[in-house]
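We call the chains A, B and C, going by the order they appear; numbering starts again at 1 in every chain.
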Amino acid sequence: MEIVVLIKPVPESETRLRASPDGRRLDSEGVRFVLAGYDESAVEQALLLKENVPGSKVHAISFGPARCGEALRAAIALGADAATWIEAPPEGSDDPILAARALASALSSIPYDLLLGGKHAGDDEEGIVVGAVAELLGIPSFGSVTDVRPAGPSGLAFQRPTEAGIESWETSLPCAIGLQQAWNDPRTAKLPNILRSRKAPIAKVDWPTVAKALGSESSPRSLSEEFRLPAPRSGAKMIEFQTPEEAAEKLVRLLREEAKVFP
Amino acid sequence: MTPTVLVIAETSGAAVAGPTQEAFGVARSLAGADGSVVAVTIGGPSAARSLALLGPKEIWVADVPPESITSGAVAILAAQAAEESRAEIALVGGTSFGRDLTGRLAVRWGAAAATGVTEVAIVRPGALRVRRPVFGGRATETRALTGPRAVIALRPHAFPEAPATGGAPPIHVLDPSLLSASKGGARRRSLAPAETGSGPSLADAAIVVAGGRGMRAAENFRLIEELARSLGAAVGASRAVTDAGWRPSSLQVGQTGRTVSPQLYIAVGISGAIQHLVGMVSSRTIVAINTDPGAPIFKVADYGIVGDALAIVPALTREIRRVRGLSET
Amino acid sequence: MPEFSLTAEQESLRDLARKFARTEMAPKAAECDKSARFPEEIYRKAWELGLMNLNVPTEYGGSGLGALDQCLIVEELAYACGGMTTSIIANCLALEPILLGGSPAQKSRWLTPFCSEYHLASFCLTEPGGGSDAAGLKTRARKDSEEYVLSGEKCFITNGPHASLFTVFATLDPSLRSKGVAAFIVPGDAPGIVRGKDEDKMGHRASSTSTIRLEEVRVSRDQRLGGEHDGFSIAMRTLDQTRTPIGALATGIAQAALDLAARYSLERKTFGKPISEHQAIQIKLANMVQAVRAARLLTWHAAWTIDRGQPGTLESSIAKCYASDAALRVADEAIQIFGGYGYMRDYPVEKLMRDAKLTQIYEGSNEIQRIVTARELLRQYG
């Protein structure tokens, strides 16, 4: 099985967020970018399938600026066999539809049976890319999936927790799957593999090539205008009471009438 | 301007999903007095009748067997309804299915897309501005979407559900043969319905009740669970609780656990170590119940009660049952 | 020009160590400290990830890292638990004599099978009669045709109760002092190895320490490292290599103490404001961060010197000594900032002080480090 994992570098979870000087986006100065947690789950799923289906290969692909290289190396250290960086326009782009078009265009020359991605990335949380790539390629897609297993000679079975319950699905290949985080315990790359990943080749598709392939679709239609941090909270309104019943009654009243969060 | 806003409605039998009702409210305000709201759903006549009560001008329906409902199929049908209704904006409820659909529909219909949206406005014809939380709610971004078409998935619980207005709009039935073009042999084999009483999942819940070391013993944790049940809330826990083995680590909220941002987060007996705070600080309203008035949790909370959780929580559960008209069980 | 930024490779090594430290070690640090439990499951996992035999070349199954790379990893591990870190890096110390003094045949015979599975090794130099007087060893090596017979007692041996390999220093002739010392490889199951009880220590309680008695332990000639007179030099050169990571270990403890204290100072209120707004606390924090930064830079500099192929005796002695003194001082101040809570075992700071204390004592006490430092310093003037 040819498994392609779509990955994205996101800021380390402990990053102190701040807006860029123009106020339009996250200030990435000094920020370390790592493989997104959801993407780690996707790589883990790819590796589990590869271990299950002899002859499988895992190919990690990332669209974005040069920092994609680090996320791709992290995927290689975990066990991906190949990596391709698809360059974003120099002015940057965070339009998920444009990302999907660039990825789909690169996939015209990369073999795939299964596309895997995180349910959404830990930064912008759009969760659009996997479905959009699938639509462009004309293959089925499923989001928030857990536990993908081979089924039959050329199919897959998986679970999908939804608001209604847990669905069990079977699908033929090729297809695209967005994975839920943390359902599998992603492995940690071993030190020798990390060292090896530093020397692994990363294929590059440069932006002019991508732009040419996309033609009139190469300009973004979703642009970040403002990045804002919430105002710090001023501290709790403390509830005075004599009895637990009084505390409960006052709290419920505040939640209903003031915070309006409680029906 | 008179935009036509298409709501991609989720129905189950005659029931209209809560997020769809939220989407109707948003659709009405975007359409304004001059525009119109239309809807499309996968379902039968009963779904269309329920949807009609929310007042769309026209309804498109397609009856697809549940085991064949994929995002690919819905994208085809929704794009068809969007074409026929000449919609400019498609609104999707904030469900996992809605999120899956957004990217596919945007590509199929040639639209810009955004998900998790908490505010949306039409800036001028063909240009929208949306606001959405990012980084687990630690920040928000405003994005400009270039139309004329846009698919927008709303964040769950971010908007009130629209009240029913009634109406008898024309109902168009979409031809299921549209789906013959879709590739792939995906089939839903089974659905294990969510256990009644197990409550919503931690990640999706509108309300989370989380307990910490202040519950003092594993057996007291059922007080947290009873409070959660009375609220229809998910149960969370601090690391102290999961490390002690009182509850499984899947319930852990915080740096090494889950990040949640519900409408209401009730932290009971949780002091509020930074590792916990990063997992819940973006919740809209935070209630803290703790014996220590100096506990850092009170700094991020909106409402605080200094007191013993073992006394306060049962009283709170009783009060909530009372106001919600629930019987003591 | 000095270059203080790390390469992408070094950052990814540090990320690995940080992740392991925070997800595997930190959650169990308090429990292992309290019950003096030796968390074998953690050490096994450290080995699986390649975090154990850091200095062993990859051709023998180790990680083949340089000194600075090792220091980056050790600091991250020690941030979570100094004791566990001591047990994890004990192999580096125990195997270094083989790397320095072993023939190619000895290296592949002993290191390759050892590193291909989870095994612990112990460095056996210190004796009850004197820790730092390596030239005055009492453990005897007696020649018996093609074999040596080792007798004596070693003490404070890290991982002693669990080791499957020992590097043992013994004297063939005490009258020759340092020239009489030879180094030997002794398998853990050699007849005559008697392991003492696990010591009850003040700190580093997740690590395990015991005496190792050698009762007529027979080793063949090809288990001797280098010549009959090379043992002392091997021991000293080993310590030149492993002293710097102790500086990193101490820096990790100090950084943990600083982080806890700084965070607490923002939370804790006295006289109506967070204690971080009191200058008395600010001065403490300023002193602490100075000490932590200086410790790290001295450690990095020593590692950089060694990575350039120099012995780095002066640099590593300064780094180990300064960083360990800094760790104790910073941990002490952290307890002071926590006040009464800091003295309570339920809070994590007092453990840091107990763990920091050992870094002043082991792998050459700080008194010895100062003597070495002064000797190396004066050599430049003499």
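Keep in mind that, in the parts below, a contact is a pair of C-beta atoms (placed from the backbone, for glycine too) under 8 Å apart; a residue touches a chain by one contact, two chains touch by 3 or more.
Just so you know, these numbers come straight off a predicted model, no measurement behind them.
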item: Chain closest to the middle [Cα centroid of all protein chains]; value: A
item: Relative to chain B, chain with the most remote C-alpha centre; value: C
item: Dominant chain pairing [most C-beta pairs in contact]; value: A-B
item: Euclidean distance of C-alpha centroids - chain B vs chain C, Å; value: 52
item: Length of the line joining the C-alpha centres of chain A and chain B, rounded to whole Å; value: 20
item: Euclidean distance of C-alpha centroids - chain A vs chain C, Å; value: 40
item: Multi-partner residues of chain C (each touching 2 or more other chains); value: none
item: Of all residues in chain C, those that touch chain A in their complex; value: 8-9, 11-13, 15-16, 19-20, 48-51, 58, 63-64
item: Residues of chain C touching chain B in the complex; value: 22-23, 27, 263, 267-269
item: For the chain A and chain C complex, residues of the former touching the latter; value: 32, 34, 70, 73-74, 77, 188-192, 194-195, 197-198
item: Chain A residues within the chain B interface of the complex; value: 11, 13-14, 17, 25-26, 95-97, 100, 119-120, 122-136, 138-144, 155, 157, 160-172, 174-175, 178, 182, 221-230, 233, 235-239, 241, 243-245, 247-249, 251-252, 254-256, 259, 261-263
item: Of chain B, residues touching chain C in the complex; value: 243, 256, 274, 294, 296
